[in-house]
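Okay, so chain A shows up in both of these, paired with chain B first and chain C after.
What follows is the complex of A and B.
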């Protein structure tokens, strides 16, 4: 810990207070949802009058929550495909961009990161109109395509950081020892940027899993997505299973985060 | 499959030296407007080490990278045993490289690093094992075969990098500032060792360095480069004793610069009147006119301190500022007017007292003479 001089103490207290407020605002809602998911009440209300696991039991009931399960499976499948595509795209882009100092490389980087600042709802509408103009009906593949574009910037951040740390002499060394570009990629590049690739896969997976705007426009009856289904349940009745589902999502995300951090130092990578 | 150079005969196993000749013929490399290498022609005879010596930005690394195949020169050819290799990719040129950063693959052990080039060439497992062992033994690293680069010292990493470059039995070995990252104390040992190994493999080598001591101790011949051009090529002692330009005189070894005027011709030599107040005779392969301004460069060991009362007209008055012990020698810090001089003398007895002295050229010394107009 840093030791502060006496005159710095008011400043330290102020910073501490701000940090506490920030943490409360960020973590508070999550805690409220978690607590609510254990309520004995029939409706989404806080504070809960009593605690029970009833809503989790209902959520995992195969017959009564069949629609939620189908939506969850859809979401997981889309997220998995999205993560695979986004990571592959981001890896290819990051390697090309990191090795070039040309103007096009800076431009390409900007283009790849652009979806980050694009308003999701406008982008969702745009994809729907674009695909209808191409006379493509909403489908699983279109969902994946829409999500992949949104998710790629997340993967590009982490893979890009890994690729930028690659010593170009390693690649030259490999080439000069007679390795083909593919062998260089497989034996030298990929093992060295793997932490960034794994982190990118995780981030794009999560960003797809809870994406609403694109799913809203591109999902159909056959491709019901979890966030959309939960929102629907909220609108029709204040179904407490929504809170339970949120609880499961938060727990799984947190678990994945811990596992990934152990494996590749994800938190450090996201900060970088 | 890559197009390949025929495999080098210098088999690791047999250790039979069989060098290859390297020619750089009229090489020119330009980056945008800047000419990095300007029409350089150099030859390295089989089994020799050529040092490319020069300050940073002189084009020595660019020239090395052209030979390695990482850069396509705008003009000129690179030939091995008289055959052009310009059309070949880096991996097909039969060129082994030791990078300044060593560029060992950090996720592989020393043995895996050394095996990498052989695996890329699709050699059978048994042969790879043998050659990896032989290469690691040659650099005395067999005990560290299973270590990752991170667990090796700088010198050990460098030896693994050398083993990796030699394992593919290259016709040409390129060394890019291989000692720059090492402690000074380690350098000389490794220089001697690398030179020994290079001799044993009989591999033709090009060494890029900005360190003149390194070039002097390692190279059979050195090419001093400046601004993309070669200023002088020759054996290290020859370059040291007879620098072709004032730049070479200043870059290779330490030089004292004395300005003066040609007073007269005396046979094959010239009588020179130095601005610091002395008249001496020196010969030169270059021709000068009487009255021409000249620059005389003398090595620290070519000048000697004399007593302030010494009547020799070839000695000039100066002031001794301090004397520093440099191992077996004394380095005298002297000023003559506005000219600063460094003198080396064997150390015996007590060091001289700072104060007025005279400085003379040793009788057997052959200082270099240049037209004063020559760029520094």
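What follows is the complex of A and C.
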């Protein structure tokens, strides 16, 4: 900590106060959702008048919440396929561009990261128009294709950061000892960049699970997705099961965060 | 990895070409089409977007929402990043967790949280009523201030994480040196910290602006129907009215404005580094 002169105290206090508000604003809503999910009230009253597990019971009821379960399974399946494809594409591309100083590599990196800043809603609409122009009906595979485009940049960033740290001498000595490129990849490169690959896989999985703009245009009755279903439940009649579903999602996110942070230092990777 | 390493970028290049570039080109073509076979073209959809005061108003609303979200997230994220810079390892970890956890919880969940907070019987109204500051509930849902408050939390990680990364590169002894030389805290922040933090600040601003301007779910659930923002209009024209040329022209307008702001901010960042 810096030592503060008396004249600096007001500014330091102001910064500290704003930081405290910032922390409260960041974490508060998550805690409020958790508490609300146990409410005995039919309305979203806060603080809840009493606590019950009723909404969780309704949420996990196989017949009454069948639509939510189907949407959740669809979302998980799409996210798993998306993560596998995005991570594979991003790992290969990262090995090609992260260590090259050539102009094409900088250009390719910029192009590969472009989906990050592009408004998702414009891209979602573009995929709908593109696939209907190709006369392709909405399907699981089209959702995966759209999600993978959005998810790949997340994987590319974490794998790229790992690949940039590879020592070229290691790769050269592996090759000069007669190892094939594939063997060099399996035995030398992959073990070294595995934390980045795992973090990338995780982030692309989460990006797909949370995707709204592509699912908004490409999901259909047969391929209902969880965020779209929950949005429908929030927009129409007030349904406290949304709170229970949110509670489950927060708990899963927290568990995954702790596990991934222990395994690959996820938090450090996300902070650049 | 020898000379042929570039080939490894080909699969992603092909995927982006077929599933990213091609759809965007078709989107652009659709905005000029008059029928689905692209037999004739017109600029009617563009005239409807850029020549109509309602649509133009929605464009400006959307840009203003993005700008206000950037300012609001900055107000809280900058102090939080400064605290992270000087904090001990325990507090550092707490700040990072608080920044990352919202990013991993679905945007639908974060939006839902703000319905609970801003509603008539929500956290804010309960607090205001019980302390006697107001005598009847204040309308916060379906208002722009309510939406900006919600976006401040929903988008803050996008501002906070690049800032923390930028400030982490500052050597703490620089700060001690600055104050030992008699500079006030304000002067140290302005002359030493700000120039080094600027790239992170501008990167965060770009991400927050792009995300807030296109946050369809938050805009439609918290902002409600009375506030017209581009993403909701795009969705309506595409999925309810089925006027695809107009939807495409509005989507491209949104895209153009976001990319223009991103380009301006990255030019600023380059200028600041030079």
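Convention: the second predicted complex is superposed on the first by the 259 of 272 C-alpha atoms of A that agree within 3 Å, B and C clash if a C-alpha of one lies under 4 Å from a C-alpha of the other, contacts with A are read in each partner's own complex, and residues count from 1 in each chain.
Convention: a residue touches a chain if its C-beta (ideal position, glycine included) is under 8 Å from a C-beta of that chain, and two chains touch if they have at least 3 such contacts.
Everything numeric in this text was worked out from a predicted model, so none of it was measured.
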Chain A as common anchor, with chain B and chain C clashing or fitting: fit
Partner chain(s) touched by A:175 [first = chain B, second = chain C, both, neither]: both
Touched partner set for A:167, first chain B, second chain C, both or neither: first
First, second, both or neither for A:93, with chain B first and chain C second: second
Once both complexes are placed on the shared chain, angle at chain A toward chain B and chain C, C-alpha, multiple of 10 degrees: 100
Which superposed partner A:43 touches (first chain B, second chain C, both, neither): second
Which superposed partner A:8 touches (first chain B, second chain C, both, neither): second
Which of chain B and chain C A:188 touches, first, second, both or neither: first
More chain A residues in contact - chain B or chain C: C
Nearest Cα pair across chain B and chain C, whole Å: 8
Set intersection of chain A contacts, chain C complex versus chain B complex: 175
Residues on chain C engaged by chain A in the complex (per definition of touch): 1-2, 5-9, 11-13, 15-16, 19-20, 22-24, 26-27, 30, 36, 75-80, 82-83, 86, 93-117, 119, 121-123, 126, 152-153, 156-157, 160-162, 164-166, 168, 172, 175-176, 179, 184-186, 206-207, 210, 213-214, 216-217, 220-221, 230-231, 234-235, 238-239, 244, 247-248, 251-252, 254-255, 258-259, 262
Interface residues, chain B side, partner chain A - complex: 2, 68-70, 89-93, 95-97, 99-101, 103, 105-107, 116-117, 120-121, 164, 168
Residues of chain A touching chain C in the complex: 1-5, 7-8, 11-12, 14-19, 21-23, 25-30, 32-33, 36, 43-47, 88-90, 92-93, 95-97, 99-100, 104-105, 108, 111-112, 114-123, 125-130, 133, 145-146, 148-149, 152, 156, 171, 175, 181, 184, 189, 206, 209-210, 212-213, 216-217, 226-227, 230-231, 234-235, 242-243, 246, 249-250, 253-254, 256-257, 266-268, 270-272
Interfacial residue positions of chain A with respect to chain B in the complex: 167, 169-170, 172-180, 183, 187-188, 191-192
